[in-house]
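Just below is one structure, and these are the notes that go with it.
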Amino acid sequence: MQVQTETDPKISAHLLQRFNEVRKFSVSLAKPLSEEDCCIQSMPDASPMKWHLAHTTWFFETFILERFEINFRPYHQAYRVLFNSYYNGVGQKHPRAQRGLLSRPSTNEVIAYRHNVDMRMGALLERAISNDSVSESILDLISLTELGIQHEQQHQELMLTDIKHMLSMNPLFPAYENSLPVRHRSSLENADKVTWISLDAGVVMIGYDAISFCFDNEIPRHRQFVEAFSMASRLVTNAEYAVFIDAGGYRNPVHWLAEGWDWVRNQGLTQPLYWYRPDDKLWHEFTLHGLQRLDPQAPAIHLSYFEADAYAHWAGARLPTEFEWEMAATTSSSSAQLLQLFGTAWQWTSSSYAPYPGFVAAEGVVGEYNGKFMVNQYVLRGSSCVTPVGHTRTTYRNFFSVGARWQFTGIRLAKSI
Amino acid sequence: MQVQTETDPKISAHLLQRFNEVRKFSVSLAKPLSEEDCCIQSMPDASPMKWHLAHTTWFFETFILERFEINFRPYHQAYRVLFNSYYNGVGQKHPRAQRGLLSRPSTNEVIAYRHNVDMRMGALLERAISNDSVSESILDLISLTELGIQHEQQHQELMLTDIKHMLSMNPLFPAYENSLPVRHRSSLENADKVTWISLDAGVVMIGYDAISFCFDNEIPRHRQFVEAFSMASRLVTNAEYAVFIDAGGYRNPVHWLAEGWDWVRNQGLTQPLYWYRPDDKLWHEFTLHGLQRLDPQAPAIHLSYFEADAYAHWAGARLPTEFEWEMAATTSSSSAQLLQLFGTAWQWTSSSYAPYPGFVAAEGVVGEYNGKFMVNQYVLRGSSCVTPVGHTRTTYRNFFSVGARWQFTGIRLAKSI
Amino acid sequence: MQVQTETDPKISAHLLQRFNEVRKFSVSLAKPLSEEDCCIQSMPDASPMKWHLAHTTWFFETFILERFEINFRPYHQAYRVLFNSYYNGVGQKHPRAQRGLLSRPSTNEVIAYRHNVDMRMGALLERAISNDSVSESILDLISLTELGIQHEQQHQELMLTDIKHMLSMNPLFPAYENSLPVRHRSSLENADKVTWISLDAGVVMIGYDAISFCFDNEIPRHRQFVEAFSMASRLVTNAEYAVFIDAGGYRNPVHWLAEGWDWVRNQGLTQPLYWYRPDDKLWHEFTLHGLQRLDPQAPAIHLSYFEADAYAHWAGARLPTEFEWEMAATTSSSSAQLLQLFGTAWQWTSSSYAPYPGFVAAEGVVGEYNGKFMVNQYVLRGSSCVTPVGHTRTTYRNFFSVGARWQFTGIRLAKSI
Amino acid sequence: MQVQTETDPKISAHLLQRFNEVRKFSVSLAKPLSEEDCCIQSMPDASPMKWHLAHTTWFFETFILERFEINFRPYHQAYRVLFNSYYNGVGQKHPRAQRGLLSRPSTNEVIAYRHNVDMRMGALLERAISNDSVSESILDLISLTELGIQHEQQHQELMLTDIKHMLSMNPLFPAYENSLPVRHRSSLENADKVTWISLDAGVVMIGYDAISFCFDNEIPRHRQFVEAFSMASRLVTNAEYAVFIDAGGYRNPVHWLAEGWDWVRNQGLTQPLYWYRPDDKLWHEFTLHGLQRLDPQAPAIHLSYFEADAYAHWAGARLPTEFEWEMAATTSSSSAQLLQLFGTAWQWTSSSYAPYPGFVAAEGVVGEYNGKFMVNQYVLRGSSCVTPVGHTRTTYRNFFSVGARWQFTGIRLAKSI
């Protein structure tokens, strides 16, 4: 699946260490949660915490242990189906919308499943480390383990976005934890000052070119022509977005894509997800720390593509393409001036999620990882405050459909010049 | 709401004892369950175990403590909304289909809520018992407490039907418990012998006439004319129903009501809920004890009105009216010959759920208990193997809509003669 | 299907004359309409005028010509499917909701189809008339012809209700015709005076007992016990219903059945179908004559069962049962005092549509005529201003589901006494 | 809206002539149809023929007559709403899905509306022609008239696709006409031979650059970098597509986008729209000439984006981007070798419909023409056998959503090299 990865077996000791750290971090995310918190699926797009913990384990068991372990026997026959997300090549799947109907296995049983697979993965990796020669098979093992680690990191972000959504459905507005193991998103001190960084037209190289890991959707590295444009130095703030609302943004079709306007009206939307105005007074926002006053300097998040596009239209700007974003983020003169590129909020681009020229999906089942989703999705660039540390690249392509709001998604404006 | 109840204050000591027993029994039903089991809502028609435990408590708090307790303060402001089932008179309700999205309050917090209300109810009832004179207010208290007890017993049956449905959604087919606190439904020894009990035409008295408790839908006691008919001595068995299936019962529209045929086809139904034929071999049935071989002598259950009506049509018979059923169950010559009237399975009647002549809903909010559901529902008579002991009357009117299958519902045939 | 009918062959000459008159009347109803008017299906419950004209013809062709005509050949093979309404026994049916997608056959082609079948039916009936002996087969022919005539009369009412609905969907509010071949519904001169007619309790005979035609759902004639009640002398007027609206009738759940309240809210209803208040001023009503000022003395119509029940609840009364209605309409002392029993508006009863004791559906395909609809429908009694003359009986049982509003349906109140 | 158009007033005489020809051609397309044919809307995405005839007229009346005509008075107040397609700036719109519920105005009334607007447009244009000086206003008039003509030509193609769909819903499979005023799509003589035309990587100019008319979505002309690729010399044929079907194409998820596979399964699709296999024998295809044997050499059409993408995947190729397509069609060495670029079938590209760099929507209401649809649509290039003659450009960007099948849409394959 991933095309390039560390293939030096000497570094697989480091790989085992990273494997163990990432696996532990997932479990730590469940610490503040009750069994009930871990069990609920608040909407078909979200999954229960327990399911994430099991599915990421299933990934290692199915794609690595089953292939490399001698005398492999599945941990539990039914898990093969229950925790298959979308891999048709593996066989049957439990229906996605019914993930919240499973009281068994319990969270504790899932944790036991994790321990079992961790132990077997450890044994497998240690055997590979101690091996003198580097076979094709060992390279495959390393490469798939790296993919499994990256895959689990993707789910760590989803765990937090799904937990937030689940808690938000409760009128009690419970907080995830006070001592939260995730960062606050950065609030700027001088958010009122936005500058526009300009870039000249030209052919740019797009896509991953280093020798470490990337997903298959980030390559082949190839050329794109980008016309001259400028890009905002920071993300749109809550204060700015509130002005859009007050200016009737959700009531005027002129700013919206036709499909976006239908979306607004069919759902009767008047504000971003998680925004509340108790007693019609001050804006509040539901966060992983509970309901809080809206911070005007913080970037506006949990916005759909439709909202991002409408805001940009209203503001006399537009969303950047993913090529513009990558160009700006990789050109030293511009990237130095751009705030909040990573670790704050994913940034919608106007680029539909599509294969790069020459894209070839991986062989076998892991080929289903990315390619089959390349339709009716839009690319997001950067990373968010709940993206795991180290899971960030300038070439990273996140993607969601146009109505998705439960991710930490914000707006960086651009303009043609 | 209930029209007649024990009003002798001397017996309110007995009432307190019954209150405590019934309240404890509800909690005991949750004993075999994990927190996750108690949290899930498997379909909009069903509720989480935890919700049942809270709602039955809310009933006492809202309709009794709030009215009779001095210096009443609600246990938790949000519970007023979260655990209101359908009483518009009380105010807002949490949406029914979202009862499974609440990880908080936890089951333990709900148990604490129960203890608090039980304690306060106990104090209230003891004060009433020790009172010398019998005021109107004390009679109301007794009457509403009785209603609350009966209401909780109704929910005890729903707890088990909803748990069964929730467990059935899990491909692991978990059992509720081996030492189940509910009865098996009776399996007859000679189920192949059915006799037809005939009754002559005549005017019969229908409805409750004793001085104990009944629901308001069982009165006024009044006259109905019933033409001559005969009724089967026992319920239709699994073996008999399997013949209907094998004869193409689910594939031939001629046996079905038009709306029933649409229901069969739109859902692609071929057998009762909970029936499975692993590897296309022997029939099995999901039960509270797990997946088991189908007992041919046991009554067929979990049948919708549509299925009951189609089976009756195919068998050259029909469903009884609720008046025929009550007449047969209360006429000594016939009732002695009728097996499985109670404690096995609710029995569909062809009677639409309607008010008896002169029906008046109770004043105030409890008037919403029954009357507003009297449309597009059909009456079931008898009681089932999961109906609490003591919650059974010949005049009892249970009711469900035509497609409901998750209750313990079976078929008793009748014929006009 | 029909159980009793004129079986004297001497009167079959009269039958032929009635056949011809009824068939001509259907065509005359299409006279004011354009081809486009005849083609549109405004909702799945309604059918295009053209379809009604073809289906009633298909009925004679399929159930009579195919059986009795020597060397029968279908007029058009495809019509067998296209114009089959719901008879599974005949074979395939064109999907009901797609009746408006058929531009061919044209209305003129359907008229030609009618002429062809009329001619062949005429020949068949004349041959039967001239026959000396009365065979079983001739009696069947007479009986089925009578059924076909009655069936076509039922559709004549549906033609007008469906045309009205179709025209109402057009913002131009076109009138059906100025010289309308249907009666206005009667407007009372002293509508403010309503009297209550009381009847004593007793056993009454219910169902058809004459020797002329009736549908199978009107028999067997049998006994019912009816408790004492009183019934309003006339239907609820527009003026009275407007008071209910002004009193917040559509905003207060207390008056509504639970399912009815969901119905009101899900559709955002605030008034009867066809009521409009241009510029928030005076009430108007869309009629077959176009948009007109609401006549306060005229009976309120186009009300669903839910609305009828809610109004009755608000007015401190209830709907009558169908047995009460029939008893009142057939008891000479009361029927003389009851206005608007027939020819004004169908009157909702609280009786679910169910088979009479001993009901047996006709053998063969025509057995699908009535019985299979006996669930989740409520009985209406009387007849409306668009019911064909002569198609009226005190035992007639019309039926619709609880949300139907496009029929000429009104409210007669009753009370238990 | 259009950015460039003929602005020389001397040629506005020619404009009037073209206006008259195009307007007449629309009416001629309705000639073979009955009033009923013109009235039906077979699905929400399609419109009745009558509506197309009225809407294209409304376009001239609203955007030209209302602005330029002295003493303008609308032809009919209600038409302003009834025939507004999606212009929020003009005010209210009749709901799109209800266009088939309007029997009035009749087709003849719509024709009269057309005559009236044509006459007034003619007067307006002649006055402009005879004007000595060329004012800004006259240039606007010419420009908007050109837009109205192009707009009507777009609807001429939709009229035929919508008529075809409507007729296909009829089991009688009526033909549109024998002497059809539209071309057959070309069937190749040697369809088995496909060659691959290669193009080198490079920066290409994309978008319209001539001085005649184009839509705003075709500009600004700008630079794109295109990596080396090859493109098939002709479209995929029916014979080739049938092999895909026989190879289990519709049963194997491996070829499909995830969303496409859901689409296939939810609708139970097994073949292209309009393909039939009577008695499971030879493939037939519903055409505007009626049901016909499938021509194996003709290009496969009426394919959705999902089907086009799945076929390409199965065939070891992919869809071209719109830039590749335009580059190949405008490079003389390749365009000479490419068959069926125009006049056969629209060709799906893998490019999501997006604004070109620097895109600015027109001011005012006509700015709603294109820009607001730029999401979740895919670009098609070329033109089809039902595209009006003269309505074809290498830069033309047609677009539909991924499940659309009722347009004349086919597949041209590409490969990265």
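For reference, chains read A, B, C and D in written order, and residue numbers begin at 1 within each chain.
Quick note on the criterion: a contact is a pair of C-beta atoms (placed from the backbone, for glycine too) under 8 Å apart; a residue touches a chain by one contact, two chains touch by 3 or more.
All values derive from a computational prediction rather than experimental measurement.
Engineer: From chain A, which chain is the farthest off, judged by mean CA positions?
Structural biologist: C
Engineer: Quick one: chain C and chain D, Cα centre-to-centre, how many Å?
Structural biologist: 47
Engineer: How many angstrom lie between the CA centroids of chain A and chain D, rounded to a whole number?
Structural biologist: 37
Engineer: Go ahead and note the Å separation of the Cα centroids belonging to chain A and chain C.
Structural biologist: Computed value for the inter-centroid distance: 59 Å.
Engineer: Would you please write down the residue numbers of chain D that are in contact with two or more other chains?
Structural biologist: Residue numbers touching two or more other chains: none in chain D.
Engineer: When you draw the chains as points and link the ones that touch, which shape shows up: line, ring, star, complete, or other?
Structural biologist: ring
Engineer: Show which residues of chain C lie in contact with chain D when the two form their complex.
Structural biologist: That would be residues 34-40, 42, 78, 81-82, 94, 98, 100-107, 166-167, 169-172, 174 of chain C.
Engineer: Write out the stretch or stretches of chain B touching chain C in their complex.
Structural biologist: Against chain C, chain B makes touches at 86, 88-89, 201, 203, 222-225, 227, 229, 253-254, 256-261, 305-306, 309, 318, 350-352, 354-355, 357-359, 372-376, 402, 416.
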